[in-house]
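Some structures to go through are shown next.
Next come two complexes built around chain A: one with chain B, the other with chain C.
Up next is the complex of A and B:
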C-alpha cells in the first residue's frame, strides 16, 4: 500500500492534527499542576531533614526516576484500577485515559520538580530567612514573602527544561489509547494502512518542534524580565568585587 | 531590663557557651569583644532564638524565658522585642531598600501600609539613604546595605538591637558611615549589644565592655576598665593583637 511521498500532505496532516493539541496541552497542564504540588511536598520534606520522611522521599524519587516512562505508564494503567477497586471499591472502567496519563506524568514530573524546587530554595542564603524571623515574621511568612519569590526565579530555567522533557515523554500517552496529537497521528497512519506515514511523522515532528521553540522563547523572556535586578546583578557585582580583591 | 543567666550551648561535642551571664539596662551599649570562635555570635543568636541554647534563662522586661523550653509564642514575643543586625547584612534581595524596612512593620507588626511607608522614609533618611529608597540590595554598596540593615532593625522599635560585627564585612572606607549611624543611635539612648572589633567605637560609646573567650566572660566593666586597664592576661593579649593588626593595616 506504499504510496509515493506527497509533500503537500504534510500540511493537510498538520491541519488534521491541530485540534488534538488541546488534549496534549490539557494533559501537560494537569500533569504540571499535579507534579508541582507533589514535588513541592517532596522538596519540603527533604528541606526539613526529618530522617524518616526524607528517606521515604528519596526512595520515592529514586523509584520514579529509575522507571522508564513507558513502564510507569503501563504500571499505572493496569495497576491503579486494581488498587482502586480492591482497596477502595472504586470501579475505574468508565475513567478516561486522560486520568491515567495525568497520574503517570504527575508522578514523573514530581520527582524532577522535587529536586528543582529543593535546590532553588537551598540556593537562597538562609540569612535572609533569619533576618525575616528576627523582625517578627513567622516561618511561613518568611517563606512565602522572601524565599519563595526568589526561589521561583532561580527555578525557572530548570523548570523550563523539565517541562520540555515532559512534553516529549508525553508523546508516549498514545500507547494506552490516549488521543492527543501523537495519538491522532498514529490513528491516521493506521486508517490509511501505513500510507503517508512519513508525512505524518514529519508533521508531528514539526508540531513538537514549534511548541518547544515557543516554550523556550516564553521562558527566556520570563527569565530576562525577572533576572536583571534581583538575581543576575548580584552575581555580576560579586564577580567585580572578586576581581577588585585580586589586584 | 534584660538579664541573661547561665546560658549554655553546645554544637555536637564542643561546648560553645559555658555559662554566660549578662545584664543589660535600658539605654546601655554593651560591646562584646573576643577572639574568633569564642562564642560571641552564638550568644547573640541564642538571645534571638536563631539558635536554641541548651540551658539558662533570661528575664526580658517583666517576663522570664527559658532558652531551652521557650514556646513558639514566647520566641515570637522575644523577637518582637529585639532586632538583629547581621555581619553580612542579610537584606531581602527581592525587595527594595524601602520594602526591606516596611516588611517588619506591615507583616511583622500589622501596621497599615501607608503609615509603614512614611516611617520607613523617615528612618532611611535618618541613616542617610534618602535617595536610595527604590534601589535593590544588589544595587547598593556594602555600607549602604548595612545602613538599610540597621534601618530595618530600628523600624520595628525593638527594646534591644543586637549587632553582630556590623562593619567587619565592609571595605575600610565604608566602615565610618555605619559606625556614624550606630553612634547616633547610642546618643539617642537605644539599647544595643554590639559584637565588634572596633576598639575606638567601644571607647567612645560603650557603657559596658565584655571580653569573652572560649565560651565564658573573662572580664567585664567600663571601656576604661577593660580596654585601658585590663586585668586578665588573656584580655591584654587579645587587645595587643587587634591593636597591632590595626597599625599593620595602616
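Up next is the complex of A and C:
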C-alpha cells in the first residue's frame, strides 16, 4: 500500500481547507466570550476573598486544569444532553456540535482566564484605586476607568498564550464530529480512503502553525503599542507566568 | 438510561489497569526528552548559529501545532519511514507488528523536547550571571561551574514548570487512544461502548486524571520544598527556634 507523496497536493488541500477556518474562528470567538465572562466571575469571587466562593472557584479551576480536554469534551457531549433533557426538558438532538464544543472550551478557557484576570488585577498598585476614589469616582467608575484599562494591558501576554493553547486544544473538536479545519481535513482523508493523509496532515499543520505565529505577532505588536515601556518587564515576568497559565 | 453506579465502580477498576501504561507514557518520554531538551536549551542560549536556527524552528513548529495533529501525522508517517530506514540498513524487523506504544513514546518525546527546552532555557536565564562569574573566579572550570553551581539552582526554579509540563503530558497521553494504545481513556471508551454508558465512564476517568494530577503536583511541591531550602534560610532558623 504505497502511494506516492504528492507535494503539490498540500497546497490544493490548504485551498480546500481555508473556508473551514471560519468555523474554527467562530468556535474560538464564542469560546473566548464564554470563557472570559465565566473567568471574570471566577476572578471576581477570588478577588473578593469570600472564603466559600473562593474555595469553590479554586476547586473549579483546579479540576478543570487537571482534566484532559478530550475527557471534558466527551463528558459535555454525552452528559449535557442528559442533564438538559432530564432537568429542563430540552431536547438537544437537533443542536449543532458547535454548541457542545463552545460549552467545553468555554469551561476550559474560563479556568485559565480566571487566573489571568486575577493576576492582572492584583498587579495593579492599590494606590491607583485609592487615588481614583479620592478624586470622587465611585467604586465601579474606578474599576472601569482606571483599573480595567491597566489590567488589560498587563493581561495581554498571558491572554495571548491562553488563546494559542485554546486554538490548539480546539483541534480536538473533530472527535465529536464538529467540522472545523481539522474536522474537514479528517473528512477529506476519509472520503479518499486514506489517500493523501500525510499531505492533508501537513496542510493542517501549516495552517495551525501560521495562525499561531500570526497571533503571536499581533499580540506582540499590541503590547508594543500599548505598553512600550513595559514590554521588557512584562516579557521577563511572563517567562514565569506564561508556564503557569499554560495548562 | 439510568445513571449506573455499579458500572462506574467496575469501569474504575478496569481503567486502573491502564494506569501503568498512562504513567509509562508520561514518564518515559519525560526522561528521554530531558537530556535532549537540556542540550537544546544550552545551544539556544549560546546562540550557536545554524543549530540555533534549526532548534528554534523545531520548537516553534512543535509548539505551534496541536498535539492531536502531531499524533495523527507521525502515526501515519513513522511506520513507513522507519520501515524504509530499516530496509536500507538491512535490519530484519517487522515494523508493522511493533507495539504502537513505541510510536506514542516517540511522539510524546518529540513534543516534550520542545516544551522542556523552553523550560530549561528560562530556568538557566533565571540564574544570575554573577553566580557563574563567581564560580569561575574561585577557579572552577566552565563545566564545573555549570554542574555544581548553575544547574542545581536552575533546576529549583524550573521545578514548577517541569511539574506543569508533566501534568500537561499526562493530559496529552489521553490522546494515545488514537494510536490504539490501551491507556486509561482507551479502556474507559471501550468499556462504555458496550452499554453506551459514556457519561459514567468519562466521569470515572475524569476523577482518575484529577487524582493523578494531584499526586504529581504534590510530588513536585515536595521536591520544590526539599531542593529550595537554601532559598529560605530564615524559615530554617525559625524551625530551629521552635524545634
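Things worth noting here:
One rule holds in what follows: the second predicted complex is superposed on the first by the 226 of 247 C-alpha atoms of A that agree within 3 Å, B and C clash if a C-alpha of one lies under 4 Å from a C-alpha of the other, contacts with A are read in each partner's own complex, and residues count from 1 in each chain.
Please note the rule applied: a contact is a pair of C-beta atoms (placed from the backbone, for glycine too) under 8 Å apart; a residue touches a chain by one contact, two chains touch by 3 or more.
The shown structure was predicted, so the numbers you read here are calculated from the model rather than taken from an experiment.
Contacts of A:92 after superposition on the shared chain: neither chain B nor chain C is touched.
In the superposition on chain A, the chain among chain B and chain C reaching more residues of chain A is C. In the superposed model, A:125 lies in contact with chain B only, and not with chain C. Using the contact criterion defined above for the overlaid structures, shared-chain residue A:146 touches chain B, although it does not reach chain C. Judged by the touch definition given at the top, the superposed model places A:40 against neither chain B nor chain C. Of the two partner chains placed by superposition, only chain C is touched by A:79; chain B is not. Residue overlap on chain A between its contacts with chain B in one complex and with chain C in the other: absent. Chain contact summary for the complex, chain A toward chain C: residues 2, 62-63, 65-72, 74-75, 78-79, 82, 164, 167-172, 174, 182, 197-198, 201-202, 204-205, 208-209, 212-213, 239-240, 243-244, 246-247. Here chain A touches chain B in the complex through residues 125, 127-128, 130-138, 141, 145-146, 149-150, 229-231, 233-234, 237, going by the rule given at the top.
Put simply, chain B touches chain A in their complex at residues 48, 50, 76, 79-80, 82-84, 86, 88, 90-95, 103-104, 107-109, 136-139, 149, 152-153, 156. Note for the complex: chain C touches chain A at residues 1, 60-61, 63-70, 72-73, 76-77, 80, 119, 122, 125-126, 160-161, 164-165, 167-168, 170-172, 174-175, 185, 198-199, 202-203, 205-206, 209-210, 212-214.
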